[in-house]
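The two complexes that follow have chain A in common; it is paired with chain B in the first and with chain C in the second.
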Partner chain A sequence: MRLGRALVSSVALGIVLAFTAPAEAKTLRYAFQSSINSFDPHALNETFTLGFHGNIYEGLTRRTPDLEIEPALAVSWEMVEPTRWRVKLREGVTFHSGHPFTADDVIFSFERASSDASDMNGKVGSIVEVVKVDDHTVDFITGAPDAILHAEWDTWYIMSKPWAEEVGALDVASVAADREHHTTRNANGTGPFRLVSYDPDGQTILEPFEDWWDEPEHNLSRVVFQPITQTSTRVAALLSGEVDVAEPIPLQDIDRINENPGTKALTGPELRTIFLGMDQWRDELTYSNIKGKNPLQDQRVRQAMYQAIDIEAIHRVVMRGQSLPSAAMLAPGLVGFPEDLERYPHDPDAARALLEEAGYPDGFSLRMNCPNDRYVNDEAICEAVVAMLARVGIEVDLLAETRSLYFAKVLAQGGYDTDFYLLGWTPSSFDSHNVLYNLVATRDPERGRGTTNLGGYSNSRVDELTDLIQTATDQEERLALIQEAWQILHDDVGYIPLHQQALAWGVRDGVNLVQRADNQFVWRHVRID
Partner chain B sequence: MLAFIVRRVLQSIIVMLVVALVSFSLFNFVGDPINNMVGQETTQQQREQLREELGLNDPFAVQFARFVGNAVQGNFGISYRLARPVDVVIAERLPATLELAFVSALFALVVGVATGVYTALNRSGIISRVIMTISLIGVSLPTFLIGILLIWVFAVQLQWLPSFGRGDVVDLGGWRTGFLTSSGLKALILPAITLGLFQLTLIMRLVRAEMLEVLRTDYIKFARARGLPDRAINFGHALKNTLVPVITITGLQLGSIIAFSIITETVFQWPGVGLLFINAIQFVDIPLMAAYLVLIALFFVVINLLVDLLYYAVDPRLRFDASTARGH
Partner chain C sequence: MSALDPLHRTKAEEPPRAPSAWARFFDSDIWYSFTRSPVTVVSALIVLIFVVGALFAPWIAPHNPFNPAELNLMDGFTPPMGEAFSGNLYLLGTDDQGRDVFSTILYGARISLFVGFCAVLFAMVLGISLGLLAGYRGGWVDSLIMRIADVQLSFPAILVALLIFGVARAMLPRSMQGEMVIWVLIIAIGLSDWVQYARTVRGTAMVEKNKEYVQAARVIGIHPLLIMLRHVLPNVLGPVLVIATIGLALAIIAEATLSFLGVGVPPTTPSLGTLIRIGNDFLFSGEWWITLFPGLALILLALSVNLLGDWLRDALNPKLR
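And then the complex of A and B:
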């Protein structure tokens, strides 16, 4: 009887606690358009995955809301010799598993990230060796001087070596291995949040890590992540108050979300630049009525296409004001952004004159490849471009399709099967060199250079400059080299830059967060009223 | 009897092989999976290496033979998207789809039969006309739109029911059920209505037509002449005689409910095999798509086999014909 009463009162107390706890608890309910598919920090180099992992794992550095580099697992770094960087590691840091963070973890994470199955080779590519000086000091040895060695340390995440040995996670989780890896569903970082449970198309739950080395700025007690693939359902879930953050939201729903009491749309510039590329390496376009020569090899034709495009109309109509027209192949604020570059003005008459001068008074025809589910309003942009080019006599056969089919054609494995295409690019190092190396420099499969230079633009001076920019250690000299490269590309009209698209997130009132231009959602800045 | 079953099982195996072959040949048109599995800066060599390791460079016949060979041993490979064994992933997701299919089939059957009987008995009533008009909308509106519409009314405007997901689930030895929690039950309502609406109108119209037919027959007239109460005539005699085709249709439709839950699951972010399949298509997750299509084919084959066997058991004429045929 007495026991019974004790039980009843303890149950009652439990109920009281259960009801009072949520009043204090701040849960962030976050919906994104796709699922998180793996927790292996070295398996997929892609913005959303890296951003999600960044809440659990940490790199040697991290980025502030303004994308400035700041110390994280490293407290300081300096170039002691042109090819040797000395890095001091933070002391007193523990992983979620309880293992202490040491120099061995950095060496292990370097070896793991540069292994064959890793997708992070590019982030640590210029490092030849990592040498342990003491438990909290390492030296990075590079093959050649590298001024931007640390630019991608924020997304090269550090794993615990003893933990990886215990759970058998020494190898990067690769699909080709024909078995499930421990790190596919389990995570162990040093970051502010630890993984509690994971269900790829359902809820993934995370909680703050109590022993995190930094002072938490957030006031969260729980994060519930839920992918919602259907755009209309995602918007509905935000409007009905079932989620706190919905990302992304379509531009046409921004007004509705702002008018709905309790929600607002948060828009801001994204670092991704959307541009048009042109086949300049074939002697004859694959899908053109001009035979025996390639009109796009003529700079005047490329400039004519550039000037035929009314970027203001695309900005106003297609993007509903949510874009930043660009003359450059990268976003303002990134290292080496060419401030002085201006777009060739929109001028259909000039375009027609250029075409006539180049020997195409009646224009010509070609095919355009365009994804329809990759970038904001991608297909609509292509349709607008097709209409604008038609006005100067260039007849474009538009092939807009889902990204899996699109990329299978235009990338290297499809033999760069395109005359003319729309693509977007975000330089992961936030530096001009990344764009020059991947998109602008002449294709060189041996070195892995120019992999995404799908149109085969080639200028030997730009190639030279790209190499110099990689190794130049003097900042001013380096920036001058970058400016020269961007000017050459602009004069050659190697690409037609369009705009930086806008980020659009739906946010519930009372949720304060930072929308970073690299489209990473960093939960350590979130405060819920 | 045994010969019949053996013959049917052999036919079923051929059907499933054909399904596997057709679906496999379609995978060439969904795009290249590699780009979804690596980042934008991954070099051409690494992409090629991955293609080679996954066997994507092999000729079609080799890839197909390897798939069948492994599948026979119960190995369906590793999902490209989730990096886990395909059979494990599908087994985890199947309960969500089966529960949804069960509830929507039940909903369609109960409401369908009830409204069917009602509209047959009160042919010219106003309510009957309203029901018939609504059912027309149910047949002609695409599932996707119905789902969005329900979400707008019940989740966004009224805020009674959730717009996505399965609510809280309870794990019963690997079977995660939503039947045991209130949020799980609430989450079932909108998707079940969306998925079951088409079957509901089908059953309702079938019951109504059959009822009208039966009500005109002599034995009903005779029953009335005997002075039996309406209740006994309508439910004891008329309804009973309409149910045979209804049960057949419902059984056959169960397979399509499972197969067509793809759209409903996508609209409601319902974590079942349908959503798994849609995500697999977007990702070009070939092992998962192949296993799913073979699984759905298996469902249809098994249901058809069971229906055939039921006929065999129910209808004595089939057995009689078979035995006399052997006798001659």
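And then the complex of A and C:
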């Protein structure tokens, strides 16, 4: 027995040694609060997934640390006609599988990203057709002139057509599907890192791709990703030196991480806006005690919910001062931020009066969907909202769950199965148009418009404005149109914006990285001393 | 009839002057051994306080933490006896949502004790029935039941409970889950705990069934079911009572564990385990009271029930008397 135990522990020690040895060779050990659920680059338009995929896959463009656009798989692009863009593709690029990168891959990736099961429709929505000119030149035909066509190419990832045919990955592995696709566990991009092994609940290992077309800036020989869901465990792993980067760091632990020798917390404002959305398209809420009509279709009810929420209390207690309460659906500094917009004041009495006026003196009940491992203190925010709404008579059944289950319900792929939800959004083009097009404009699956308008808000003037904003070339006029759209949304209370959250990453000393304001962790900038 | 009367034992045989149940209880060996064990008396008092606190929580607790309309978020993270934003005083502080920790412990103990009692009752009924059946009938029935028990015993109870919980969660529609979650917990914990009872009862039943009084009953043609219930069962109740008491502590801990793992009661109606889980996130940042007090309450409750069980085992064991 003794001997057996000694043997086991020496074997265990051997395993530990075997794992720590390559750590000398510049391994980046990275912990996030949830696992990466799929490696399909077109399945889920969500920052963490996009950011993670961006280390494996590449788009036609990419973003610098300051979020400027720079060429990646495309070397140049120009508008040859108002509705035709000519794009020169990079030559000599190979996928991890060894397939060469050609124009066919771009066409394939366009078709795949605009398919029904894809979540990327909005990124390529204005493109009608992609025409192959030669092996390394394509023309993008748009329905109407689109001055910001290339703004989201950095997160529209290119897949290899021959590879997809070989492995049977022509279809998108939809997040709502129960069944796994080949791309759920396998990735094949052109990016700086290639997937070595994947374990959803354990370690996912990646290594640098030797044949990458660009000169690596990083000095990594391996990346080990590990989901650690429990917040305190994640912090403890960072403090004990078990991981190099832990993200996100709970707000209450920032001081402790800075005081601990050998670790620091990187904080900054994030461009993401956290907001509440409401089902306004069904004639009857799915999970409400009100039958035959939908109370959320009444602007007064939506405003009552808005005014019931005490954003200062959320800012002070839940976010510990690390948030920026917002009246707008995008962060300050982004193109078209409406500076004049002010939040409806917190006023429970006014909220109750509005509910009574709308014919709900006793309130009503509905269900709220909330992720519990996606945004900073997301579940705590939802719980606080539930309490605040209870005080004006609205009884909320809170369904807080892990992000994969949450997204599978609320997104288009899940049939927008929600009454009321909390979501965060970073416009990946850093422009108001992205928010208007994806979140505010009326849903139009044909065009890929309004895909993430989960509540089905619809205002024909806003739709018109969104189209005008896309084609407008005069900057001043464009900004005026944007302001008008934001004002209409505010008056309609189409959404309840809450705040911009703070970014907080925990980093071990000696790890040099770039913290981008869009919260994507780009490993190609990482250098370990 | 005085309980102090040293002669009453002989008098008790006189039919018309039978002592009342209370008097018999206070004069029993059990009561004697109870009063002689200070640890047991203290444990019993603590359990009693918890039971009363849980039963009368709506009247005792200063706040109702399960009513979201009563919560004041601005009072969140108030330290014990500290001044809250609203001016309220919170004996044991508040959690991240402004819930009074003291009230939540009372309401949480309500859930914990309810789940504990019901789970033990369920496990007991199931275990005793199967144990009696196996012990009395013997043969292939015995083999079948005991092999099932063996298989189940090789899995940790919490794993079995998690499995049952997962299946129930997948099967039940979401609208029912809110109310069903407590019953699912009870069934999950009960189903993972019945083996102990079944084994004990089976062993005793096998011994008892060969004794003369059972054989006599069989000879005069009493129905086997009646024999089991009327004659065999009372003889196995002693050890079952001991297991049940210790099982109660285990069930309370199992409920807390499941809630700590996040599969138990929803966060808007926290039990002790849920509170400890919430507080766990704030341990590093100095808000120790959110997890410490519910943790202490859980330890105190489980320990007291366990000590009671230990004492009961000794008191009911004729060899140790």
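By definition in this document, the second predicted complex is superposed on the first by the 298 of 529 C-alpha atoms of A that agree within 3 Å, B and C clash if a C-alpha of one lies under 4 Å from a C-alpha of the other, contacts with A are read in each partner's own complex, and residues count from 1 in each chain.
Just so it is clear, a residue touches a chain if its C-beta (ideal position, glycine included) is under 8 Å from a C-beta of that chain, and two chains touch if they have at least 3 such contacts.
Note that the coordinates shown come from a computational prediction; the quantities given were computed from them, not determined experimentally.
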item: Touched partner set for A:Arg86, first chain B, second chain C, both or neither; value: neither
item: Which of chain B and chain C A:Ala408 touches, first, second, both or neither; value: first
item: Partner chain in contact with A:Lys293 - chain B first, chain C second, else both or neither; value: neither
item: Partner chain(s) touched by A:Arg391 [first = chain B, second = chain C, both, neither]; value: second
item: First (chain B), second (chain C), both or neither touched by A:Ala176; value: first
item: First (chain B), second (chain C), both or neither touched by A:Ser232; value: both
item: Which superposed partner A:Arg527 touches (first chain B, second chain C, both, neither); value: neither
item: Contacts of A:Pro250 with chain B and chain C, given as first, second, both or neither; value: second
item: Which of chain B and chain C A:Arg222 touches, first, second, both or neither; value: neither
item: More chain A residues in contact - chain B or chain C; value: B
item: Contact residues of chain A, present in both the chain B and the chain C interface; value: 230, 232, 236
item: Sites on chain C touched by chain A in the complex; value: 67-69, 71, 73-74, 76-77, 96-98, 174-175, 178, 266-268, 280-285, 287
item: Chain B contact footprint on chain A (complex, rising order); value: 31, 35, 37-38, 43-46, 116, 119, 121-122, 173-181, 184-185, 199-203, 226-230, 232-233, 236-237, 239-242, 402-408, 411-414, 425, 428, 434, 438, 445, 448, 451-452
item: Chain B - residues contacting chain A, complex; value: 29-51, 53-54, 77-85, 88, 93, 148, 151-152, 155-156, 159, 162-166, 266-269, 271, 275-276, 278-279, 282-284
item: Chain A residues within the chain C interface of the complex; value: 230-232, 235-236, 250, 252-253, 255-256, 287, 310, 313-314, 316-318, 379-380, 383-384, 386-391, 396-400
